[in-house]
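Look for subunit A in each of the two complexes below; its partner is subunit B in the first and subunit C in the second.
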Partner chain A sequence: MSRFLFYLILVNMLANIIALTPRVLVAGNDNGTILSLILVLPVIIIVSYIIISLFRHFPGQGLPEILKTYTPKWIATPVLLFFSVCWYFAGLISLIIYTSIIIRFVTPDMHISIILLTFVLVITYGILMTPRGIFYLTEIIFLIIVPFIAFILIKGYSNFYFQWDYVRVAIMHINHLPDYAAFSSSLYISIGIANLVIFNRFFTKLKKPTWKGMALLTAICTFLLLSTYFIPVGLGGFDSLDNVLYPWIMTSDSMRMKYGVIERILFFFIGAFLVLAVVSITMLWHVSLQLLSGAVQFKRFKWKRYNLTTPFFIVCFWAIAMYEIATISLDGLYRSFRIFDEYFLPVIVFLLIGCLLLAKKGAASKWRESEK
Partner chain B sequence: MAGKRKVMKNFFFIAMIASLLLQTGCAFKDIDKRIFVLAIGIDPSEKVRDGFKVTLKLAKPAGDVKQAISQDFTYLSHDSDSIAEAIRKMESYVDKKLDLGHARSIVINKELISKDLNTFMDVFTRRGDIQMIAYVAVSEKTAEETVTFAPDTEPPATIALFNFFDNTGTDSPYISTTFLFEMRRKALNKGINAVLPIIDINEEKKHFEVNKSLVLKWGGEPVELTQLQTKYLNSLIKDVNEFNYEIKEDDHHMVLFINRVKMKYKIILDEGAPRIDIYIKKSGVISESSKVLDNRHLKKYSEQAEKDVKKKVMELLTKLQENNVDPFGFGLRYRATRLSREDLMDEWERIYPEIKFNVMVNVKLKSTGAIE
Partner chain C sequence: MTEKQGTPGLPEAPALFNELLKQLKPSEDIIHTPLQIKGHCAFLLYVKTVVDGNTLQQTVIRPFFEMASKESFSSYIQSLPNQIDMPSTSQLLNLLTVGAVLIAIGDKIFLLDFRLNKNNEVQETLMEPTIHGPQKGLSEDIETLVNLIRQRYANPSLKVESLIVKNSANQLITLLYDDDQVDPVILKEIKKRFKNIGTRLFQSAGDLQHFLNKGKFSLFPSALITERPDRIVYNLNDGKVIIAIDGSPDVIIAPVIFFDFMSSMEDNYHIFSVTTFTILLRYMGLFVCLLLPSIYVVVTSYNPDIMRLELALTVAGGRIGVPYPSFIEVFFMLFFVELLTEASMRLPKAVSSTATTVGGLILGTAATEAALTSNIMIIVISAVAISTFIIPINEMSFAIRVLRLLLLVYTILFGAVGLVVGFIGLIMLLVNKESYGRPYLSIPWMNKNDELRMDKK
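And then the complex of A and B:
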């Protein structure tokens, strides 16, 4: 399996560790989080496998090309529009969360729009890159950041104050029915493979998923998913995390590097995850932008010989982000995050697989036609 | 297509560089415009009914630490009915920004401990800038006196209040270190109680004395542990690696130097009366004796030590049980080993006051020290 496939999944997973997912998991802690986590693992592996296998039939093509060639237009355009809006909101939610984390913990004196603007400028530069460029960027950042994250995770588990008793209390809640909110939000953090809808353009020769690759993927996903939940519980306690907004940030602040360069891991932690977040948002918005310009192209909207459709979309992206950051409350954000996970996510997954199957069928019949 | 992208990319690249011009300096306040709070003391207020008196220990900025003869701190205090309000008022007492990011010590007056902790501990976890690895302690005298007190051993640019607790300086088994996050999780979780160290100032006002501790009880009077009990508790729940034992038998007086302690326990309910089996393993050497010792009799000395340790541990456990507090977290372990049920904790609350302790001590003396 190509290592870039791993990046797609892992970036999404890691970037969401400090976002809202742990809060959803903790919120359901006496109500079946554990069983949801156990359930989500096979689902995620199977879904990833199916998506990779389906995209293998369309080497080097993104979803806009696939749908336009092999399915009727009345399916292609709405689907692409819907996906692009979903991807945009996924990126937007991350963006708002990270902006609010920065303003709460790092620079409380800075104006929120300036923080957002700084983010947005970097991300805009990123989303205009080619898939190849984004993958290489991801690889470099991944190689730099992952050791830090591994260090933080190991530090968490090996901490003297990490109490397995709290984790065991959490595990003992296995006798509750799975919690749908916990299930869907852990599905969301591990569904990074769906980014293939555009990033498949990079894979001109996508190999079949090997069992070794899948086993490795399963192991990494299990470890990260469980760590997302268990480390905060082990360090922050079981009953005491209920009203914590960012369980992972509190957890990282509870760790201490006695003889380290800085004693508080918090800043170290936020810094590392911020970089990953930028990569993750870049990926999401790149996908969104490409889907959008795949679905809609204003032919006459031109300045000299440049088509201004893409810049126009980018300006829209900025405007919505600016408006949202100024108006949304954390509660509103949390609620929209849950609505996204609980209602839109399953639709996205089924729609994506459905479309690909349809396109595959379309491709087969076309191939037969040309054969004749 | 490629040309367009290049123009766009260059545009954003220039925009990113140009955005630096918008930054009219550091968005952070410069260090000379900040004053760092090192410790926070909280007393009941004498002026405001049900209010608090908050004392802040501030580090005075100094050009050259080497030239300073004594330490340089200044103190602020204010009475108000809430802590956040008091801190806000004190911001108008200094010309700089009060920076709480370096506050490592929170000292609470003993009288406040039996009150509702939630009302004033809330602000410390709610504020993002206060470290979760700050030390929480109880003061025997007023918190103001403790915070403003400078012991004789304190050279410039160090703070004795930190050094007691951070295990880089003294490593005494009499000191219980409690971080803010730890106190929070133990206070809010069912089945475990937090332990706070008590800071006292000696009569001649020369130095601190930190050798007793307090077991918190949610909504009740805390239980004070004596010096010896604190030592035994710490030796069992903390990672203490050097501590002395005194054994007296007839006219023979011995001091053991223990460097490893391990404690394991098991709650047994289904064999007769409910009991907790506690296994304690200690190993060390003899560091003082009133008689000439024989290396061959190490086993005998070990047995003597075992008997003595067992008695002291039993005393401690009984005292804790009589007062219905549980710093070891037996209740938590009970929860951690049984499938979750709603009445699990009520059940434990019925069991705990009557449970029997079965302490098994294994002391392994390695040698009689450097001489026989």
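And then the complex of A and C:
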């Protein structure tokens, strides 16, 4: 299994640890979070396996090319548009969450649109890179960040105030039926493999998922998913996190390095995950932009030799982001996050697999025709 | 000008000679002389200042008077090792100006190479010194240079290709590569770039490198300039192409990746633990000189709460009395350090130590005492200055100096978040860059080649 597949999954997973997913998990803690977590693991492994196997049939092609070649146009265009909007909103939600985290915990004096401006230049440059460039970027970021994250996780588990009893209390609630909100939210953070819709362009020889690779993936996913839930619960207590929007940030702020130059783990934490978030948003919006320009191209919209469609889309991206960030409330953000997870996510997964199956069928019949 | 055309009893010089003479004429160092003994004669035409007179005397003039007949002399000339094939007239003129000698015996004309080069001594390595490893670098004469490389890389697969750029100095450029190792795609790409090189004049390898780069506004060097023969051999063996220019003691290595700029040849000459330590040190130096000024701005002006309380108070205490915000302080000091670096580079050696003392010691102390900067700022800026020099290849260290400013501006505008995001932006710039089709920055794992190939197909 190519190491880049792991990055697709892990970046998405890690970038969301800090975001709203722990909040959803904690909210359902006396309901069915545990069983949802247990249930989501086989689901993501199977979904990942299916998606990788399906994309193997289309080496070096992204979803726009696949759909355009093998399916009728009235299917391809709406599906691409829908996916593009979904990916855009996934990125947008991340962006808004991180902006609100920054204004609350790092630079409270700054205007919120200036914080957004921080990202504009870098992310715009990032989404215009090639898939190869984004992968190499991810790899380097990973090498720099993973030690920090490992440090934070170890620090969390080995903390004096980390009470395994809270974890045991949380596990005791295994007898509840699975909670759909917790299930979809944890599915969301582990569905990073869906980015393959564009990043498959990089893989001209995607290998079949190996047992070793899948086992490693399962192990990492299990560890991270459980840590996402258990570390805040173990440190913060089972009942007391109910009114906290960002449980992980509260948790990390309760850790201290006695002899460090930087005393509060919080800054390590926000810094490390901010980097991952930027990479994650870059990935999501790169996918969105490519899907969008795969579906819609204005041929007349030109300045000199350059087609202005892509820059126009990017300007739209930022304009919507600017508007949303100025108007949305935290409550609205939380609700839209849940709506995205609970209603859109399953549709995306089924639609993606359905489209790929259809395209595979189309490819097979085309191949048979050319045989004749 | 020695012209003996009119002397009686001599046969006429060949028409080609007269034509060439007409074109070379008002120059003082053109020699056109007949050799004559017992009825048979020969004509010589050369430029005195670039021809090795002694060798000419030994190998041409004396044998002429010792030989019995015209035929034996012409076959003797034909067998000399420094004979060149007759080129076209315009190129002939160029060859004459760099040290060729034209000989006419009867109606046969020969061209011999008697180049005199006083510039062929091997130079010391100045820019990239090492403790172990070769102490001598390359030479300004291209033949000596190729000789030095061939001596070190005794392999028949080492190919040498020359081409003359059609500019006003007719400069000679030589490509060297190992035919077995080199990537033909990259070789083709480099040759293609030479084709549209135009008629510009190059003064050094750095000049040519700048031209070979595609983007005009590139932040990073996309080819490496070196003066070390061991680095050249090491890179030849890796399948890279060496570009040498006549008259420049440096060569260009292409394509390169980011890590090439961060490696010193010394890394190969030490034991593992020492090498690991120095490499680690180098990368830490890189991060320090890139990030430290921006970190200073963040922890003084934006987020003093990042550091532990005692340290934050010390930093704030050091800044008491400094009358402007931290970013002006940083710019102010960085500006002076850059001035100091530039000055000590350009000055003659005898003066440069004075400049450093005055600038570094006196200015630093006085600036703190006058409360123009905090003393912590002085520490930060000296750490930055020192760690800039830890980067082994000069061009990269210049590039990092510029990048540092960009990152600083981004941090000043956007604070701690700006620092983090700006840093990602820098990595994006590096990752997105290509050097002759190779990705500039990527982590080389075991199966790197597989993945590159996978990517290309």
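Everything that follows uses one rule, which is that the second predicted complex is superposed on the first by the 372 of 372 C-alpha atoms of A that agree within 3 Å, B and C clash if a C-alpha of one lies under 4 Å from a C-alpha of the other, contacts with A are read in each partner's own complex, and residues count from 1 in each chain.
Quick note on the criterion: contacts are C-beta pairs under 8 Å (C-beta built on N, C-alpha and C of every residue); 3 or more make two chains touch, one makes a residue touch a chain.
Note that the structure is predicted; figures quoted are calculated from it, not measured.
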Where does A:I140 make contact in the superposed view: on subunit B (first), on subunit C (second), on both, or on neither?
second
Of the two partner chains, subunit B (first) and subunit C (second), which one does A:R3 touch, if any: first, second, both, or neither?
second
Does subunit B (first) or subunit C (second) touch A:N175, or do both, or does neither?
first
Answer with first, second, both or neither: which of subunit B and subunit C does A:K208 touch in the superposed model?
neither
Considering only the touch criterion stated at the top, classify A:L121 as touching first (subunit B), second (subunit C), both, or neither.
both
Determine, under the contact definition given at the top, whether A:E263 touches first (subunit B), second (subunit C), both, or neither.
both
Counting only touches as set out at the top, which of subunit B and subunit C does A:R335 meet: first, second, both, neither?
neither
Partner chain in contact with A:N307 - subunit B first, subunit C second, else both or neither:
first
Look at A:L274 in the shared chain and tell me whether it touches subunit B only, subunit C only, both, or neither; answer first, second, both or neither.
second
Take the contacts of subunit A with subunit B and those with subunit C, and give the residues found in both.
107, 110, 114, 117-118, 121-122, 125, 129, 263-264
List of subunit B residues in touch with subunit A within their complex:
4-5, 7-9, 12-13, 15-16, 19, 22, 27-29, 125, 128-129, 131-133, 166-168, 179, 181-182, 184-190, 239, 329, 332-333, 335-340
Which residues, counting only subunit C, touch subunit A once they are in their complex?
302-303, 305-309, 311, 413-418, 420-425, 427-429, 431-432, 439, 441-443, 445, 451, 454-455, 457
Contact footprint of subunit B on subunit A as seen in their complex:
30, 104-105, 107-110, 114, 117-118, 121-122, 124-125, 128-129, 160-161, 163-166, 168-169, 172-176, 235-240, 250, 253-256, 258-259, 263-264, 266, 306-307, 310-311
What residues on subunit A touch subunit C, complex-wise?
2-3, 60, 102, 106-107, 110, 114-115, 117-119, 121-122, 125-126, 129-130, 132-133, 136-137, 139-141, 143, 202-205, 260-264, 267, 271, 274-275, 278-279
